[in-house]
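The structure follows.
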Amino acid sequence: MVNAWIVASIVAVVAGVVGFFTVLRGSAFVAHAIPNGSFTGAAGASLLGASTLVGLGVFSLAGALGIGVLSRRGRHDVATALALVMMLALGALFLSLSEEYAPEVYSLLFGEVLGIAGNQIAPTAILGGVCILAVAVLYRPLMLSSILPEAGEARGISAARMEMCFLLVIALATTMTVPVVGTLLIFSLMIGAPAAARSLTDRPPLAMTLSVAIALLIVWIAIAASYQTDYPVGFFVGSASAASYALGRLWAGWRAGC
Amino acid sequence: MSQSILDVQEVDVQLAGRKILDGVSFSVAPGQFTGLIGSNGAGKTTLLRVILGLQGATAGRVLLAGHPRSRRNPLVGYVPQKFLLDPDLPMRARDLVGLGLDAQRLGIPRPSRERRVLIEQMLEQVDAARFADARVGRLSGGEQQRVLIAHALISRPRLLLLDEPLANLDLRSASEVVTLLARITREQEIAVLISAHEINPLLGAMDSVVYMAGGRAASGATDEVVRADVLSELYGHHVDVLDVHGRILVIAGAGDTRDLAGHEGVFPHAPPS
Amino acid sequence: MSATAAAVFAPGLFASEAVHIAAGVGALVAVVAGLVGVFTVTRGQSFAGEAFGDIGATGGSGAFLVSVGPLWGFIAGNLLAACAMELIGIQRPRGRDLATGIVLGAGIGLAALFLYLDTTYHNTTGAAVTILFGSVFAITHSTLPLIALLSAIVIVTVAVIYRPLLLSTVSAEMAAARGVPVRLVGALYLLALALATALAAITIGTILSTALLIGPAATAIRLTTRPLLAIVTAAAIGIAVMWAGIVLAYDSYEWPPAHHGWPVSFFVVTLVFVAYLLSGLPGLLERRRAAIAPPREPAPAAARAES
């Protein structure tokens, strides 16, 4: 049980940090598409008898690269949608070719945090650390490129390269968080908490801190509620994320009104 | 005396505690070409939005041909300021102009010869016939603007509003657009209210001017309004008005450069000598 | 020639009733998806289109729970979600995707709950897989009239708001200046999208729903410059890939490894993807040519105040 708290907290911190940029860059779709597509990697790994984590990693990467390359030629949201369905279609193929997969599908889609084993803490922590390190290194160019892309270009910060880096960060965050919260809901954490934080403050460092704090709160509430009611963690994560966003909007509206 | 096509009466607009428009009053007669001059932040766009009904006024009223403004007013045509059209839009210049005829009607347009002829004529008038079948989002800024003018004019408005159409054009293109507008609107007795922060490109075509600063306005014939005394009172501090070979130059007086609303003055630059 | 035909069209293809239904429904859905998809892509609402597919699954699993037909669940869920997105009410594209994401997150959370309850109370496993990866070969005769009716509703709705929708897509400001009720038109379109994706998701599955909505439309938009032509082209591409996918899926019953066929969705999506990539070739070649020989006309100067 303690394992669940620890791993989930690491996930929340990463989601809060990466999610801050996700909301800033308006990349909600990408944050949904890459984890979704990575599901195919898990299915493929199972087919080959390989490690699920490796499969997730490979397909998150493939998704990020695919979206990055396709969006240079066309609309970003079209690229995301088509890359996603291509990966999902491959996933459908893998599923149809392997018979014994069905029971694990649910936990990969929605997370199985309460069943986390002790030996998963270390890899999660390491990958999480790499993720946060990557964001720390990219912080300033990414901020500039996200808010004022032309100013960034003038300083030699290619918007396209920043986008690619950011996609890779999401891919990494995906790989480490999916076993905990599932492919379908990691993105919910990545946008609900940061969006709420942005309603509360304009200053980036404070917003990122709040984003992490809210994400931690959401995850702890979700685990506690799931433990009590036996309902899936994912349900509480999705609802709590939406609720924090709503509360953030209400707060901002109340502040503007008076 | 013919009725004004546009009457703005004591219009105030207050937003977030700031007075964006303060007692703005002026009229535009049918067929009159009026320049709306002012720097950024003077309130020009807000005023245009009030006239269009896109922004509510906290006081005062706007009359179009004597009647209060209603939501759908076919009397008014509009060319917006920023119109970066999506370069991938599956729409030809011709299609966008066609939408000017009937965008507010329901259903799919039935192709008719009459419609096609009208569109063709309008494209000729704005000299856009040669790129009529090009993807509208791929046209240059100046070409897109001409298409938007055609789109606004094809529904035969009595008043055409243009929000800073000359802002990003070089002087030659700017003068081409003004000549084009003056020609078409004179032919069809269409009144024009065109906003700009530089008065000189409009001097040849303008019948009257509305000069704005800090939300207030002074209106009348060009030589009545663009004078040191009138503008000094408008800006709230001393300005000089110079005539340089027929071009007008408005310069802040020595010392205080802030206007009535406390904004740093942003005056038109002197043309390089 | 007939040997090739026999290789492509496996025996029994044209006689199979399942194939007839699949081809008919698939074509109908492709037409609806193409029509709605052109607006979806030009309005930059691909995320909403994809999200409705997943939210439909929530509705479906909810319907399963209360023993109501899944189609109604898909429709109710999507329409409710569309209302929620409109209520959040952000009009800027980036903000709109955020609203979509929030609603989607809540929706998927609900799906998690419903599926858990399905398994607990109805003792069915594999519900998740079936709903998310549904197959076009699983449609029955009885639902056909309903599907046709709902498709007609979507087509009529879009046809009615066609012109105001087109102008507000080009420029919301210009449309508003003409008195077009931009928010109302946008909301009606979103509802039509919600209904269209519900329809598509229940008949051909959520993956194909998104693929047929976005892919053919994006491809058509690159190929033509006229709105109506883009819609017709999108529908045509959709029908073509759908039928080709069905033929290939039927053929694949003989293929290794399991001899129960590869999924239709795999074939159709691959074809959609390839079509989109191919449609980008002309632009790519032109960019290469322009890079070698610089354009002759100078770009319009942005400098002001030149004497």
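A, B and C are the chain letters, set down in written order, and residue numbers restart from 1 in every chain.
Definition applied: a contact is a pair of C-beta atoms (placed from the backbone, for glycine too) under 8 Å apart; a residue touches a chain by one contact, two chains touch by 3 or more.
Only a predicted model underlies this, so the values are computations on that prediction, with no experimental measurement involved.
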item: Touching both chain B and chain C (chains); value: none
item: Most heavily contacting chain pair (counted by C-beta pairs in contact); value: A-C
item: Chain centroid nearest the full-protein CA centroid; value: C
item: Inter-centroid spacing, chain C versus chain B (mean Cα positions, whole Å); value: 41
item: Geometric centre distance via CA averages, chain C-chain A, whole Å; value: 24
item: Centroid distance [mean C-alpha coordinates] between chain B and chain A, Å; value: 47
item: Junction residues of chain C, two or more chains touched; value: 222
item: Two or more partner chains touched - positions in chain A; value: 74-75
item: Overlap residues in chain B, where contacts from two or more other chains coincide; value: 88
item: For the chain C and chain A complex, residues of the former touching the latter; value: 41, 44-47, 49-51, 54, 88, 93-95, 97-98, 100-113, 115-116, 119, 125-126, 128-129, 132-133, 207-208, 210-211, 214-215, 218, 222, 257-258, 260-263, 265-266, 268-270, 272-273, 276, 280, 283-284
item: Chain B-facing residues of chain C, complex; value: 38, 42, 159-164, 166-167, 170-171, 173-180, 220-222, 224-230, 299-307
item: In the complex, chain A residues that touch chain C; value: 23, 26, 28-29, 31-33, 73-75, 77-78, 80-82, 84-86, 88-90, 92-93, 95-97, 99, 102-103, 105-106, 109-110, 182, 184-185, 187-188, 191-192, 195, 231-232, 234-239, 241-242, 245, 249
item: Parts of chain B lying in touch with chain C, wherever the complex brings them together; value: 52, 54, 71-73, 76, 78, 80, 83, 85-86, 88-92, 95-96, 99, 102-109, 133-135, 140-142, 148, 151, 167-173, 198, 269, 271-272
